[in-house]
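Take a look at the structures below.
In what comes next, subunit A is part of two complexes: it sits with subunit B in the first one and with subunit C in the second one.
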Partner chain A sequence: MTIESGLGTVANYVDERTGAAAWMKKNLQKVFPDHWSFLLGEVALYSFVILLLSGTFLTFWFDPSQREVIYDGGYQPLAGLKMSAAYASTLHISFEVRGGLLMRQVHHWAALIFMSAIVAHLLRVFFTGAFRKPREGNWIIGIGLLTLGIVEGFLGYSLPDDLLSGTGIRIAEAIIQALPVVGSYISYFAFGGAFPGESFIPRIYTVHVLLLPGAFLALITAHLMLVWYQKHTQYPGPGRTEKNVVGYPLMPTYMAKAGGFFFIVFGVIAFLSAVASINPIWLYGPYTPGQISAGSQPDWYMGWLDGLVRMAPPLETHALGHTISWNILIPGLIVPGILFTGMALYPFIESWITGDKREHHLLDRPRNAPNRTALGAMSLTFMLVALINGGNDIIATHFSLTINQIMWFTRFGVLILPPIAFVITKRLCLSLQRADRELVLHGRETGTLLRLPHGEFVEVHEPISPEKAYLLTAHEQPPALELPAVDAHGVKRAGGLRNKLRSRMSVANAEAITKASVNDLKEIDHH
Partner chain B sequence: MKRLSRYRRHKAAGPMLLILALLGIGTTFSIASATTTSQTSKVDRSVQIEEGRQIFLRGCSSCHGLNAEGGQIAPSLIGVGAASVDFQVGTGRMPMADMSTQAMRKAPLYDAQETAALAAYVASLAPGPEIPSDSQLNYERDGNTAQGGELFRNNCAMCHNFAGQGGALTQGKYAPTLMGVDPKYIYEALITGPQSMPVFSDKTITPAEKMSIIKWIKAAEKEPNLGGASLGRVGPVTEGLLGWILGLGILIGVAVWLAMKAR
Partner chain C sequence: MSNEIEAIKDPGLPAHVHRKADSDPAAANRAERQVAILFGISALGTVLLIVSYIFVPQDLFIFIPVMGNQNAHQLGLGLGMAISLFFIGMGAIHWAKTLMPDTEVVAQRHEFRSPDSDRKEFVDAVKSGAGASGLGRRSLIKKSLGAALGLSALSPLLLLRDLGPLPKKEFETTSWKSGTYLVTDPGNRRIKASDLEVGAVAQVLPEIEDPEHRALSDIGKDAVLLIRLRPQEFNLTPAKLAMTHDGIIAFSKICSHMGCAVALYEQQTKHLLCPCHQSTFDVTRGAKVIFGPAARPLPQLDITVDGEGYLVAREPFSEPVGPSFWERNSQ
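Here is the complex of A and B:
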């Protein structure tokens, strides 16, 4: 029996019982467009698979208990010290379990890559406008995954109960307590009494290994099913329309690519884990509430939050027997709340401003949506300034600066720099549009100088290819919304202020350099 | 005579003579040197103090005052003790080159003898902490690494970082790294509290506990990087940077390559 006929027999057997052949044929031929930036989400997905596998390995030995034990393992600098069973078992995984340290490092590096891939993927989706109708729901699922990822990562590095993670939990407790009125009750509920108690690590362990991974699996499945059902977006180009998808079939091209890419992601993470130390908990020591280390930082995806808390001025009010710590409440809960809510609602906000309720499957080039690109640059600047302040002590020691300078710089910078970034980015986008227009109308500058018979020098311009010209002119340039204060019958519209705001934003959003048209070209030919 | 001539060619005679000679020289030397030191110590000490005073007048008095009474920009040195001078001058922190934030470790300006003279002069002004002797600094014998680690995390890590790599303080001041620091200077820093550092007196941390701390620091210095490159032992900042740049950087490179091949 040859392999083909063997496979055929198996396929036939399955098909006769499930009738899967037609479905498989249709779906295995599903076409996906090709671009490197479409693979960022895949990096996140594969890191998640690696997280599941390495995490399962770690659970075989990890003891999520705050029971006090005396360390009798192999790491001498901690010999005979009192510590929690969670910390002792993490040391055991690191030093006595074969391959344990490597697996711990794989798990942690995969978590960092998982989060950075999610952020990179989110930026791609945002800047290309892939969140527009019909994908608003999937955008919200993505924001949910990002939020869960931050929480899951925090809980994960809190589990070993080392000095650094204990410090992080202490800060989390402070943020919970900053909630007005209910804060101290929620804190007591979460910790099962006073900090640190004996319940918190076992509780977050269950959340970390059961609840959140389950939520992840469900959301990732929904995320991918929606991509499948709504089809993948594609960049504009010749032959690509809102009604088709130009690319390669799932089988065999994408199966091979995606399968190969999984192993490359695994390889890169394994490589990092083999050569670079991450979270060396044995150096941090066991957690004791009385101890703290200089330069205590969260992982990078929490760093911006830490930076915001670090830059908050000391504001507190006492009223009616309650203390409200604005210095924790604002940077720790209110600002992140506004940021993430705004991010989740952005597709609806944008469609409200543009009045565009159509489906979009062709992506925007970021320069052709200057307002959105500028808004993205603005948010990114805000986050980066906050992130820089999160590492202010490390930056201070390594670049001979003072913490106070960095703090004051970021206190003002976090408010001043984002608007500046907005203006600069918007101008850059418009300049690029202008350059595109020039390119279409006058062609590429070849750098070849020509001397005309009467002595004049001119530079030879070479017309660009029709494909390129199409790419540079295919986008829409919708006009701003017409929202006159009075309608056709001379009746004042309802919601005057709201409409005024909407039309202002719409005008700003529609600002663009008029793209080259056929008429423009004809006019040039005419000369 | 006969007996001597009988044994002088014995095969053990050579080594025996050698041992006798060595013992003789050693005993003579120890007696001679002991008498010299005890006789000259008083003379030497006053000479040394005078030498130290001269160095002080030339190199230190412009800030610390002609009688080490302190001035507008420098503290009084009366009562700071020899240990303080040995630490500040021996590690190159004094004389200061830059008055902006704090004295930093650099190549010492004065050699061991001059430093000792300065220390003797300052110690002569008023009693203060003394330079620990080598026998006091036997941390390998007197210290306990794990206990030292716990003491370190309780008392030192909040400024010097969990692995003694140093950390930032306010207004540009900093706690320096403890890697590669002579045990004597660590001990002196503990008992004198230089710059922003508090004094850890023998009542707060006993001499034996100080030995444990030093032993732990020395162990941390020698400890191999168990998980691969240490990334500076400063926590998650460098890890995040590497994850983004190297980790995601390589993967984006691969993604570009994967998408390129299909064209």
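Here is the complex of A and C:
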């Protein structure tokens, strides 16, 4: 009676002052569906909390200044060297502050896992169609978080002002400088004069520790409130419908699992930080624009961008006394801009193609949305080829290839491989649908061979459970939109080309293997 | 029988399978002990953390198979922290999975769309509110408000003006002047042409009065690579050849693509490679781009020697160094 009555007193105290009982009663029993893939977003959330904690620790010693100092700390190889206060204080955290290096590693590992979890979560949401109405807004918030994450990560690893990260800033400056008309002005404003100057690190420090974390907190809060209010999606299965949500109540089961999972994520990150060295800035040396180390690589979530820049053909326009660097603008700004805009608008594009304006709370199995799955595979292939080229120097040295071979492979591959991935994935999805249909109609292959009296061998098939049969046939198979060029009154529709495009895409989208039905089963029985 | 397709029926939620701990008190007690052991391991992790923090010196290295030499202080802190956190999580989850209710609960969803009457009233309220403000009718107010809001957005932009100076012509100039001596980096010593052997490569900077306080922003534009080949190895126009001295050729070290230091020199092929994006420049042909994303050769510095044989710049760079920018007049 001790803990229970104590909590009862607290609940009573809170309610008498806020009247929260009705709301709390309902929400403490809120139901959360359980599935491993729902943990991906949680990993991202917990990594963010870990980033806030470890980042705060680092700010106590980090000096965000490009003031020149002479190093007199404990790391002998750099003794007496000129460096920025930012770099010197990062060395101090690494070598003199007890637990400082561990916290630096926790912070960096958590950032990598934060970004990985966001991307994995995004893929889960995309491939299961969780972004459909009513969750389009939350999808866009998610894309915003991904974009901010990339920027925040870049700014974060730029802060120590080491040779590697300084080179990254140099490249960012070149992208700014390449902007037509305003580029050189924005560069001078951002850096307080000529690159690198002494203003940039303090400025991005404010952005990194104040502005962007604030934006993150606001967006994450909105993201979670929407999940809460709209209730979580669930995978299809027996007893699960568009009208219900099946899972565990928040208190106590889900709370214990989610709370426990936070500690597991933190524990795993701490373990990685203990055994796997990451960003050993003392090996790189302080930044100076005249030097560089071979094998300069950004963190993985920037790698695709760097890969695109590396594979760009050497195109510049020189005219009327001006220069436009297409070799920077196209891979550095235009292509990423198109990709991210397309990604943000995808829920609306899909709903336009299917004409589906209903609410969806049951997730799709990826094979049952072949077009979407194929599109996802196509985009992933594009990113992967770009990422491979982002590490072309490392790959070249590890696999005894030349940079040129990898570069030419990716230059063509980035255009040719994604469509191939689309076609293969779509065929795979349709094959899997066919296999599902077979399974429902003819049952599971048992591997038991039976010899018939006249000598023929047949494999014994075993009917699958009604639950499984339902799971494999629960999805909808809507027909393609009918968009005739003339309407019922014989009047030609406006926007003929648009209609034609929509109609074509709708037909491609509706392609499916007809799912098994009771009629099919009866027919088999009949024979 | 109609021809309508009949979907396979939903058999409903499968029956709940009870766990051993639900019915067997001994199993439940066992689960409780397991949870307690997991929490106990976490406590040991915290002890390891404390011991490592206080008693293990920061410069103690120990050999661990597979991992090699490891700093004992770091490893103890990290593993202690990892164990203390991870096993709290394991304990909590084991507790939830074995002892907390695992019956699936069904809650109903409700369509988000409000009843039609509410929606109509909402639209009416918006319409009448907008109508009452007269925004639709009074176009003068609408236009002037739009203009005022648009203009007010200029003030934050304006207030950012003092973030930095205007670039003026600074992208196009470097510290190199006619007669500037080439000095070593590091060291700031003048270089004799005879100091460089064939095949050698050196980074140099322009000589300045106070080399101790050379600004990084100057290095970012002034850094030059000096390479010595045999004069007959060059394949240059007469004008470019005249800018070399006895096989010594000088290029801006700042990549014409995105400004990284072009620091990798392959002596055999006489190619310069930028480690950032792998733009490759052929030294024998005046740093012509032979591969990669760079669109322009590295600018060449016109060099000669003074009376005592020290290398000097005959002319400043004839074009801006580094990455392209809008105002750059590239021919």
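Everything below uses one rule, namely that the second predicted complex is superposed on the first by the 523 of 527 C-alpha atoms of A that agree within 3 Å, B and C clash if a C-alpha of one lies under 4 Å from a C-alpha of the other, contacts with A are read in each partner's own complex, and residues count from 1 in each chain.
Rule of thumb we're sticking to: a residue touches a chain if its C-beta (ideal position, glycine included) is under 8 Å from a C-beta of that chain, and two chains touch if they have at least 3 such contacts.
Nothing here was measured: the structure is a model prediction, and the numbers come from that model.
Output check: A:Ala294 vs subunit B and subunit C. Expected answer is one of first, second, both, neither. What do you get?
A:Ala294: touches subunit B and subunit C.
Mind working out whether A:Leu40 is in touch with subunit B, subunit C, both or neither, as first, second, both or neither?
Only subunit B; A:Leu40 stays clear of subunit C.
First (subunit B), second (subunit C), both or neither: which does A:Asn244 touch?
In the superposed model, A:Asn244 contacts subunit C only, not subunit B.
Kindly classify A:Pro180 by the partners it touches after superposition: subunit B alone (first), subunit C alone (second), both, or neither?
second
Contacts for A:Phe127 in the overlay, against subunit B (first) and subunit C (second): which applies, first, second, both or neither?
Touch status of A:Phe127: no partner.
Is it subunit B or subunit C that touches the larger share of residues in subunit A?
Touching more residues of subunit A than the other partner does is C.
Pick one for A:Trp304: touches subunit B only (first), subunit C only (second), both, or neither.
Neither partner.
Per the contact definition in the header, classify A:Ala270: touching subunit B only (first), subunit C only (second), both, or neither.
A:Ala270 contacts subunit C only, not subunit B.
Going by the contact rule set out at the top, does A:Phe48 touch subunit B (first), subunit C (second), both, or neither?
It touches nothing on subunit B or subunit C.
For A:Pro280 in the superposed arrangement: first (subunit B), second (subunit C), both or neither?
The first partner, subunit B, only.
Could you tell me which stretches of subunit A are touched by subunit B in one complex and by subunit C in the other?
In subunit A, residues 95, 101, 105, 248, 253, 257, 260-261, 264-265, 268, 273-275, 288, 290-296, 392-393, 403-404 are touched by subunit B and also by subunit C.
If we count contacts the way the header does, which residues on subunit A are in touch with subunit C in the complex?
29-31, 95, 98-99, 101-102, 105, 134, 167, 170-171, 173-175, 177-185, 187-197, 199, 230-231, 238-239, 241-249, 252-253, 256-257, 259-268, 270-271, 273-275, 287-296, 306, 309-316, 318, 321-325, 327-328, 331, 359, 361, 392-393, 403-404, 407, 440, 466-467, 469-470, 473-474, 516-519, 521
Which residues, counting only subunit C, touch subunit A once they are in their complex?
5-14, 53, 58, 67, 73-75, 77-79, 81-93, 95-97, 100-102, 104-109, 111-112, 160-161, 163-167, 170-171, 185, 203, 205, 216-217, 219-221, 223, 253-254, 257-261, 263-264, 273, 275-280, 289, 291-296, 322-331
Which part of subunit A faces subunit B closely enough to touch in the complex?
Per the stated touch rule, the residues are 34-40, 42-43, 76-81, 94-95, 101, 105, 109, 112-113, 116-117, 120, 163-164, 248, 253, 257, 260-261, 264-265, 268-269, 272-280, 282-285, 288, 290-301, 303, 391-394, 396-397, 400-405.
Within the complex, which stretch of subunit B touches subunit A?
101, 145-146, 149-150, 153-154, 157-163, 165-175, 216, 219-220, 223, 225-231, 233-244, 246-248, 250-252, 254-256, 258-260, 262-263
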